[in-house]
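Below is the structure I would like to discuss, written out as structure tokens.
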Amino acid sequence: MSELDILFYILSSMSVLFGALVVLTSSPIYSSLYLVMSMLSVAGIFMTLNAPFIAGIQIIVYAGAVLVLFVMVLMLFDLKRETKAFTKGRFSGFLKLVGAGLLCGFIAGAAYESVSLIMATSEEIPTNIAAAAETGFSPTTNSIKEISKLLFTKYLFAFEVLGLLLLVVPIGAVALSRVAGGTHAKH
Amino acid sequence: MSHSVLLSILLLAPFFGFLFNGLRFKSKNVQVAGVVGTAMVGISFICSVLLFSQLASLPEAERSLRAEYWNWLNVAGLQIPLAFVVDQLSAVMILVITGIGTLIHLFSIGYMSHDERPSKYFSYLNFFVFNMLLLVLGDNLVLMFFGWEGVGLASYLLIGFWFTDKEKAAAGMKAFVTNRIGDAGFLIGLFLLFGEFGSIVFETLNAQAPTVQDMSWNSNLTLACIALFIGACGKSAQIPLYVWLPDAMAGPTPVSALIHAATMVTAGVYMICRLSNIFIAAPNALFIVAIIGALTLLMAASIGLTQWDIKKVLAYSTVSQLGYMFLAVGVGAFNAAMFHLVTHAFFKALMFLGSGSVIHAMHEEQDIRKMGGLKKHMPVTHWTFVAGWLAIIGTPLFSGFMSKDEILWMSWHSPLGSWYLWLMGVAGAGMTAFYMTRLMALTFWGESRVPSDVHPHESPTSMTLPLIVLGVLSVFGGFLGIPHVLGKILPGHPPNFFEHWLDPRLANIPGLAQANITMEWIGIAISVTTAAVGAILAYRFYIIRKDLPEKVTSKIKGLYELVYNKYWVDEFYFGRIINPIVEMSKGLWMYIDVNFIDKITYWTSDMVKGAGSSVRSMQSGNIQQYALLILLGVVVVIFAVVMG
Amino acid sequence: MQSTEALVSVGLNHYLVLSALLFTIGSLGVLLRKNMIVILMSIELMLNAVNISFVAFATYLDNLDGKIMVLFVMTIAAAEAAVGLALAVNIFKNFREVNIRFFEHLRG
Amino acid sequence: MTSLTPIIVLTVFVAIFGVGIVVVSALLGPKRNWTKAKKIPYESGLPGQERKETKIPVKFYLTAILFIVFDIEVVFMYPWALTYTEFIDAGLGGYIFGAMAVFVGLFIFGLIWEIKSKALEWD
Amino acid sequence: MGSDVFEISVNFVKMVAIFLLMVNLVPMLVWVERRGSAFIQNRFGPNRVGPLGLIQLAADAIKFLFKEEFIPPKGNKALFLIAPIIALIPGAIAFGSIPLSVPIEISAFEMFGSQWGPYVFPFQSFEIGIGIVFVLGVSSLGAYSMLLAGFGSANKYSLYGALRASAQMISYELAMGLAIVGILIVYGTFDFAEMIAAQQGPLSIPLFEADHVVNKILGILPNWGVFYQPVGFILLFVSVFAETNRLPFDLPEAESELVAGYHTEYGGIKMNMFYIGEYGHMMVASALIAVFYFGGYSLGTTLDTILVEGTIVPNMSALFASLLNLFGSGWEQSTNLINVVRAFVFHGIFMAKILLFLWIFVWVRWTLPRFRYDQLMDLGWKTMLPWALANTIITAFLMLFLR
């Protein structure tokens, strides 16, 4: 059980736990806070996957910006504790549970199948990161530089399109909120 | 002028006449329409005379002028050029068509003077002449068929000219339908020939015709000939499909003269002569032609005995004369058939025009029982009619005698013919003599039974002139083709010009024995005597002892009824063939269409509607339901992938 | 075949299982919750799960494309959250309460 | 190599430190029952105008949304800045500058549009 | 954390020490603030308790401990309590990631009967490859403490204060990010240590390399970032003030308008924790400025070699060795000792820089008047952001030619 494995198990159990709490708690403010914790633990998992830059970006973008918006909006609504958190309909609920369970089972099954397949095909892939470190795995800074080089050569078009998307979103949001007055405006 | 230009003028002149009159069909001016129509056909006549002279100047061997205008149809194996050929056979035909056509156009100016649609009438006539020329000059079967159809259409239009009268319109329809049945046979024959020889041009067909005779019954060749003969029956009114001709008398009389006497009805004979080599190679088919021809002439002649309408009598006589032509063709005497066709055109056209002027004079009265003694009132018509009568009953030295006796001799003499064919021919000749004399007696000689308010007068010169010309032709026409046996005894031995002219073009009968002169003389003698007996008998019946006809008819009541009602052929057709088909189609419509097809359509539309409503319930607007469906979809896909 | 050893050293499939778990939880959130904001959060959770598998594959197959895809997914997620919340605010303004049922009023 | 354990250990330590202080102050602090005046939210002396719902202008969450969008654009600039010099050395200076020029152009256009559309006006 | 017991324990002690350094620095800063403001306003600060009021620090700390624990009844109890703790964490972690001095190389030595291999202790809580991104991410978490505090206390004004504070903090985070992009262009790395290394040596701007005279003059100056990114420095400096809600931008807690902003209902130790968070954030900010623009813990190569290596370190180590000898015996100036002393000397330099900037914070607070809120937001969005963008573009453009 190398240091990384322990870390992985801690962080993954944290993220799953907080993920579940996000869905289960009735008051949305708490669920958003659990989501923040889940995000941070996912950032941690990225760290264990030797992708520090992605982890940093995750913290800045997700934890630092998106969820701040969530919390702010929730505060706007000033919602009291919700009585019934879940949509009604016993049978559809059951169907949903079964569907989601099946989905998870299949993905996990597919993962095992494919991974063993991948393992079979390419042996030199290390089973875990610690081992990888010894094999002179590219240190973090290099990988970040590699990412950005790749981003600006191979994925340049996607990069520009994203710029456009990021132009459209604020315009859309402003248009949507163009309704006069504050949140309690009489219409 | 080169023959192709002449040919194009010959063809386009009547077409132009048709267009000119057609476009101003409302105008009531008979003079303009009539003059233009006649002029056009006149021009064609002049062209055909010039062509005839050019043809005559050519040496014997390659006597044919071919003019190809453009490539009309060029499908894989089938090349049909729009080409016309004038050779000995078609030269004779175009001379007859345009010659008699001009005379009849001239006649009908007078006849149609007080009709309200003269230009429409003349445009139809010109249209008919154009199509007939097309049929005759056609270089291949398809072009001929084109003319064949056009002529059928023209005859329908002209028969039903006074379509306001329901009965006349029905007659037009009847003619058209029976022709169509015949045309179907023609087409099948055309296809079979094309299948057999790979070409439909007469030149190649005649060249490729097998020299040895094909004795089997179901070979392509025989079947083709039989099918073509069915087409000929339809067009030339033979046994099974003759019913339309008597009813066709509903049209104006010059129409009957032109179409139902001289030109259209002879198309069948011309077609068989055109394909003489093919037909010679199928003796069984020729045998059928001969039998049908003989039967038709006997049956038509017998019906002619009992008719009271002047045009009906002439119609049945035309049918029987056509029977003679087909008898001649059936026994292989193509030459005799063509000569009889020409002479018949002369005297039959004459008689129809004569009856036309009689009806004109009698103010549309056609029943000969109300006529009589018109000799005094209409001398020119009477004398021209007498010339025609003499020709048709076969008095020696007249045109009728020359051609009919040749046919009778050949039906006996030809290896294809036999004694009973000759006997039927002679019997027919006797009956013809009887009913023609009866007609003459009842209309012209005897005491006048004309009702008091009607006082007949001679027709104007525009009508009598063609009568005179035709009269001359029917008297001296015979000298064109004097039979050999006569030629020898006549001074100066005039050769048979007609036979000499047509021979290279027509096939000659294989194994024709040398003519036995004495037998021929015996034949001539027998036929002349039967004709004389018939004439005298009729004269006695209707002029001297007027009571005799009633006595005779009362004795043979059953037979007389049968013959008088035209053997109930029309009724048979309607009862057994036409009505059952109508009933069957009604039944079919009721059973299949209503409750089978409709059912299916209604059923499918209901199914679609049902499916639509069930799907609509899915769009409930509940977003989470959509998400659930998506999820289940994904699960299924993954399941498929993992399991697959 | 790697029973205990699987438990010990963390391989690719551990990450994939984790991402599958997170994804399922997220989808359940979307399906079950009534409050629209929580649904948006669950969507964020699902996207995070996707990111994990992206990075896991990127690391184990030593191919950087995965990490770049994560960048793109993040921006998309952020854009989606922004617009989603703008919508939520509009609905809140009209109905005083944020419930997924209100989307039915948008039905044609 | 980034090591994650020290970060987690530090966070846990700080969290424990914080909780510890609060607990200690709670234990040490005097316990008094709160007068009614103390219970109402402190309104700098004004009598409680506790209204049922607090009206919050829409501007705040609008700023947050704009922040997210522009933050992501800044984040995308990091990798660009990182390898900018290497691209220049590799001779691709113009190319990389052009690429970012377009991106920043859109950024600026978005910003100008926001300013023009008075989304950022604080009443 | 390290391979063997010694390393782990040293690392842990180091981590705690750095955190305690930060926490203890806060009362000192409070003292500096009160004394400074008094000095600026030409009055005496706290001078009753101990010489120059230094003991006042301890007095305040103890006072806070014994305050009553007050939780607003209608508010959300859990959030109310979590908020101050969350305020603490970002500052501490960010500070931990900044290298305060040269890493200490300890060669192998023998102690307690066993051989301990050579170690390298980085002079920071933890070494993190992506320094800047991590600090930015963590600092953006600071907004949560405000929001939760505002939401936890049922007070309407605190909610407003929280929203305003977080909106302000968010707006200026953009400008800070862009300023950092400028830095990245120049240094091309995220890691602080590499940046500081890049700032050694005399200032030599490639543009003037050819021209010896200019190079000579510039040679005197150390090769610090501020000369490469002057505009970036100003931008970062201003936006840092806004990030920490310091005076020109401290409208959210402005006493007069919104009572005390989001920490209206707080008192006692929880209020103190907010202060710790705030000052921690200030320390991180000034550390960042020092690292980016003023060469971190180095004084430029020339001064480094002469001053530090040559004079201070040997004397200090000698002094230190003699002190140790008082207790035990046989301590002589081993290389390990020298390394440790050198590290602390450089640490001293770095702390001097940080304290300088902190003083500027205080100085600015008591001189500049406060912004109105819309002016504040306009400044953030309509001037700072465009300027930052311009700065990035111009730097990039110049870099095209300088390389």
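Each chain carries a letter (A, B, C, D and E) given by its place in the written order, and its residues are counted from 1.
In this section, a residue touches a chain if its C-beta (ideal position, glycine included) is under 8 Å from a C-beta of that chain, and two chains touch if they have at least 3 such contacts.
Because the structure is a prediction, the values reported are computed rather than measured.
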item: Third chains touching both chain B and chain A; value: C
item: Identity of the chain that, by mean CA position, is farthest from chain B; value: E
item: Most centrally placed chain - per-chain CA mean versus overall CA mean; value: C
item: Where chain A and chain D are represented by their mean Cα positions, the distance between them in whole Å; value: 18
item: Separation of chain B from chain D, taking each centre as the mean of its C-alpha atoms, in whole Å; value: 107
item: Centre-to-centre distance between chain E and chain A (centres being mean Cα positions), rounded to whole Å; value: 30
item: Between chain E and chain C, distance of the C-alpha-averaged centres to the nearest whole Å; value: 35
item: Multi-chain contact sites of chain D, meaning residues that touch two or more partners; value: 1-2, 5, 54, 56, 58, 60-61, 64-69, 71-72, 75-76, 82-83, 86, 107, 114
item: Of all residues in chain B, the ones touching two or more other chains; value: 624, 628, 631
item: Chain C residues counted as touching two or more neighbouring chains; value: 27, 31-32, 71, 74-75, 78-79, 81-82, 85-86, 89, 100-101
item: Every chain pair in contact, whichever chains are involved; value: A-B, A-C, A-D, A-E, B-C, C-D, D-E
item: Chain E - residues contacting chain A, complex; value: 76, 78-79, 82, 128-130, 133-134, 136-138, 140-141, 143-144, 147-148, 150-151, 159, 162-163, 166, 170, 173, 189-191
item: Footprint of chain C on chain A - complex, ascending; value: 1-2, 4-5, 8-9, 12, 15-16, 19-20, 22-23, 28, 31-32, 35, 38-39, 42, 45-46, 48-51, 53-54, 57-58, 61-62, 65-66, 69-70, 73-74, 76-77, 79, 82, 84-87, 93, 96-97, 99-101, 103-104, 107-108, 111-112, 115-116, 118-119, 122, 125, 127-132, 143, 146-147, 150-151, 154-155, 158, 162, 165-166, 169-170, 172-173, 176-177, 179, 183-185, 187
item: Parts of chain C lying in touch with chain A, wherever the complex brings them together; value: 1, 8-29, 31-35, 37-38, 40-42, 44-45, 48, 51-52, 55-56, 58-62, 64-65, 67-68, 70-72, 74-79, 81-83, 85-90, 92-94, 98, 100-101
item: In the complex, chain E residues that touch chain D; value: 1, 11-12, 15-16, 19, 23, 64-70, 72-74, 81, 84-85, 88-89, 92-93, 96, 125-130, 132-133, 153-160, 163-164, 167, 170-171, 173-174, 177-178, 180-182, 184-185, 188-190, 259, 264-265, 268-270, 272-273, 373-374, 377-378, 381-382, 385-386, 389, 392-393, 396-397, 399-400, 403
item: List of chain A residues in touch with chain D within their complex; value: 3, 7, 10, 44, 47-48, 52-53, 57, 60-61, 64-66, 68-69, 72-73, 75-76, 78, 133, 139-140, 144-145, 147-149, 151-152, 156, 159-160, 162-164, 166-167, 169-171, 173-174, 177, 179, 181-184
